[in-house]
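The structure's right below; bear with me while I get my questions together.
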Amino acid sequence: MSSPLFSGLIPPLLTPRSADGTLDLGSLERLINHLIEGGSHGIFALGSSSEVLYLTNAEREKVLRTCVETIAGRVPLIVGVNDMTTARVIDEAQRLLAIGGDAIVVTSQFYAVDNTFEEDRHFRAIADAVDVPVFAYDVPVRTKQKLPLGLLVQLAKDGVIAGVKDSSGDDVAFRQLALATADIEGFAAFTGHEVVCDGALLSGAAGLVPGLGNVDPAGYRRLFDAAQAGDWESARQEQDRLAKLFDIVFVQTPSVSGGAAGLGAFKTALQIMGVIESNTMSQPMETLGSEEAERIRAILASTGLL
Amino acid sequence: MSSPLFSGLIPPLLTPRSADGTLDLGSLERLINHLIEGGSHGIFALGSSSEVLYLTNAEREKVLRTCVETIAGRVPLIVGVNDMTTARVIDEAQRLLAIGGDAIVVTSQFYAVDNTFEEDRHFRAIADAVDVPVFAYDVPVRTKQKLPLGLLVQLAKDGVIAGVKDSSGDDVAFRQLALATADIEGFAAFTGHEVVCDGALLSGAAGLVPGLGNVDPAGYRRLFDAAQAGDWESARQEQDRLAKLFDIVFVQTPSVSGGAAGLGAFKTALQIMGVIESNTMSQPMETLGSEEAERIRAILASTGLL
Amino acid sequence: MSSPLFSGLIPPLLTPRSADGTLDLGSLERLINHLIEGGSHGIFALGSSSEVLYLTNAEREKVLRTCVETIAGRVPLIVGVNDMTTARVIDEAQRLLAIGGDAIVVTSQFYAVDNTFEEDRHFRAIADAVDVPVFAYDVPVRTKQKLPLGLLVQLAKDGVIAGVKDSSGDDVAFRQLALATADIEGFAAFTGHEVVCDGALLSGAAGLVPGLGNVDPAGYRRLFDAAQAGDWESARQEQDRLAKLFDIVFVQTPSVSGGAAGLGAFKTALQIMGVIESNTMSQPMETLGSEEAERIRAILASTGLL
Amino acid sequence: MSSPLFSGLIPPLLTPRSADGTLDLGSLERLINHLIEGGSHGIFALGSSSEVLYLTNAEREKVLRTCVETIAGRVPLIVGVNDMTTARVIDEAQRLLAIGGDAIVVTSQFYAVDNTFEEDRHFRAIADAVDVPVFAYDVPVRTKQKLPLGLLVQLAKDGVIAGVKDSSGDDVAFRQLALATADIEGFAAFTGHEVVCDGALLSGAAGLVPGLGNVDPAGYRRLFDAAQAGDWESARQEQDRLAKLFDIVFVQTPSVSGGAAGLGAFKTALQIMGVIESNTMSQPMETLGSEEAERIRAILASTGLL
């Protein structure tokens, strides 16, 4: 297999807020350092885990600026560009890349009623408009459409995309993508799924982008290193421990949405661990309360993080 | 029934582009006049029919400014505010209302993985942040979630929303909404469906927001007036003619997406009728070609528009 | 418009059970008479409203036999044939038609991963195998696929189907179907939606198949007659009253499924009205309790049925 | 981990038909022997791969009788019981188990509009009604609903189900299921996905039920044995080869449905390999033609099967 531009553990960075709801850039700085010191090979900013869809443009810029300054070149910085159609994505990409970033991550169009022809033109127009590598972000739980395997492979072969961040939950298509792109120089398939990273690496993943990696970057780094060394039994055991840690996302009360449950749990864990100051969520998401925090604390303890 | 703030025919304005893809504000001006002269009771700008999701922020502002100047107070101007979450919608609403507008239309969140509690807070926060009436826009084909009947009724009772623009295709829920809100002073349920306006009015709709109304506003005005007069047989006949006219949206070749087919057909019809100069669509949508234009011309002729 | 083979009010018959869960054929007989005396133009047996999917083959036969004997030729009997693929539907159709029936109603395949080509062959093979008219039953809430408009129109033109029973909730497609088949001799489009029958008749429906028609056949008959007479204001008022009666389907507690809520409410209403003895549902559906019965009783009273 | 009742390679048996469409029991017999000689640990009859949904009851019985006689106790026989609701499944299970079978496999209800409470009662009632172990078959591509993780774990803990056959494509939920049931004596999680068996085994799968196992049982047996021995590199290489073989399911022309493409490809491969006489599909599915057969032959050759 060829060597991709980016590989290894690249957690999708959360966006801490103070209790009053404003951005907490001090906590963000500490979180970035937590990730780098935990062994991350890169940082993915302004992905779904950052609550990017809830951030105003001004907030997105502040977050990115803090990333650029805090990372200070220690690891690559990949930037999520989140908007619904081609021209708007290009606008946003240019605005953000003026601040910094080594690559961008872009979804299919959403809110649009489009087809594969439009998606093809979408990615090609974006790649033409920027000077950094473009990753396709396949996240049907949000966009409500899976990027077709054939389209991804063609875009990869044509050098339009440098990789895929797969959060589709479709491990069959992921294996097929990894196989079909194995010979494409520099191409990388990343998985965004926290509890099957060992299987994804066995399938040929170049790297991991787990939201839970905010909480335990060192664990995911050990998992990645074991897999690289061919020690699948250790990789599996680390994954099983991390899968138990992932149970923190299921502690929420019914009024908390699916979107708020996972990110809220990650924030609450990091608050308990002393990395960030508050677990406050972006409006209109609900912030987890003290009862949920107790249950998360217990899971952190039982999986070795406290 | 009480009298709503807005009622009657309020077409969702298209956004003409020149053949080179730039906004064609001259054609936009002519189209606005075509709608007002055709008997429209109001104009809905920056809805899905305007390709709003494909417009950059700068383009949205230019379109709205042209609307304000061209309408010049002759009829009310309702403004679509299109973004994915609460804070971003508020940002966008304030930016656009600084230019003009008598009410705003807002969808549920999208790209979010939310729940009814979040949706409730979403609409309340937006209504708190603006000084004009807020309409909920129910368009599950784009947002991928239907706004729950119970939520809409509660928001209506609490005065949070002044009405609903229904493009859900769920006529059962529409009837239930109309019945449940019949006694709420000023509340208005609008249908966005071109071919069942007579039935929607029978169900209690206060008005019509048909994309096809760009092509034949006078027809929809006659339909509305007949229904108001209790002459349902004439309303039905006008609706049947308009349903045949609506066949223009089905002439596209397979490479044209669902989103581009309808709006492309409306633009092509208006180009043939001499109202706008080009039927060019926003990137990355495909513009209809000459073969499709011929078929559209035939339908225009057979339904009395040429 | 041509005259269809079947038209008017054709309620989809419920299947009463005794408190011990066995079929209650005495109540079934009374219910059939209630429908005919209420002015029904026909009876649709073994549709979804009969809980057909929960009936064993032996139970389906008993129900149909009771229908044949009780109706005794007073009105036409249309029979639902409910199975997942072509050969199984043909088997079931022949088994049931040996007992009786003037037409059959058949859905698309379900549980299958099929396409329009297969659906086309499905309906043609079934029509070839039986001697009675075949109606297509479009019920995507169960089959998880809408029958395409183009397929239905082609099957209608080729004389394969004599009509459509539409429970798709897509009033736009229903209007288009009615328009496209208006000139086909004998073809009938029926709506299965309880609260928009007036609009469906305005759209060109030949008849009504409302589950709620089990509870108030006389009301739906008045609605139909008013529409036939062009008295749309009376039709609308009757429809609004029936829409309020339809609120009985929303009284259930959260443990009751969507499928059990509607049919359970109809059964409970008929039990309160003295038409059937028990509101017991088929296994594993939950039967509505006394609290729900009280709420249903209040709605029956407020809409003039008690 | 505890030792499950059934484990290893248990292919879901295809149902050969002669060119005239009738069952070809001679080919079925040869196919069963092909599977056992290829190292299968068991046979799963009347699953989706058998086209069970397209088989009449008489055909289902003939297929099962041939299985019982041909297997003759050499390996366990697991029987799919395919119907839409509880009472119908019980009827079918008792009819089939009178012929033979060591366990049954049952899906959620389908065509029903049910909820988790009904599903819970569904599986419990079925388990009460039969004397053999019950496996839950999670196949949302057909049933249109994923069996909830919490329900499966509770049914496992209560001894209602002896395992799950997972064809959900949700590897995250599969890992969570395997983790949550790891300590339940005798419980087995099987994967039905052809191209990620190595990852599933790493996640804790007890066995494999790959449709492609009809074509190359020996390959899947080698994969399973390598994983059992902890030789994940060999397992991965075997899986990669089998994933390339799986490309035979993508050779179909557009008129072939998704359901017919996969099974049609398996049948065509087995015809080319001389195991069965014809690749004829059940009505109304389309049978693959000679052009597709040539492409399949090439893939068989390149993956070492010719």
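Going in written order, the chains are labelled A, B, C and D, and every chain counts its residues from 1.
To be clear about the criterion, a contact is a pair of C-beta atoms (placed from the backbone, for glycine too) under 8 Å apart; a residue touches a chain by one contact, two chains touch by 3 or more.
On a predicted model such as this, the values are computed, not experimentally measured, just so you know.
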item: Any chain that touches chain D and chain A; value: none
item: Where chain B and chain D are represented by their mean Cα positions, the distance between them in whole Å; value: 49
item: Gap in Å, rounded to a whole number, between the CA centres of chain C and chain B; value: 34
item: Overlap residues in chain A, where contacts from two or more other chains coincide; value: none
item: Complete list of chain pairs which touch one another; value: A-B, A-D, B-C, C-D
item: Chain C partner contacts - residues on chain B that touch it in the complex; value: 169-172, 175-176, 179, 193-196, 198-200, 202-203, 230, 232-233, 236, 239-240, 243-244
item: Contacting residues of chain B [partner chain A, same complex]; value: 53-57, 82, 84-88, 91, 109-115, 117-119, 121-122, 125, 141-144, 255-260, 282-286
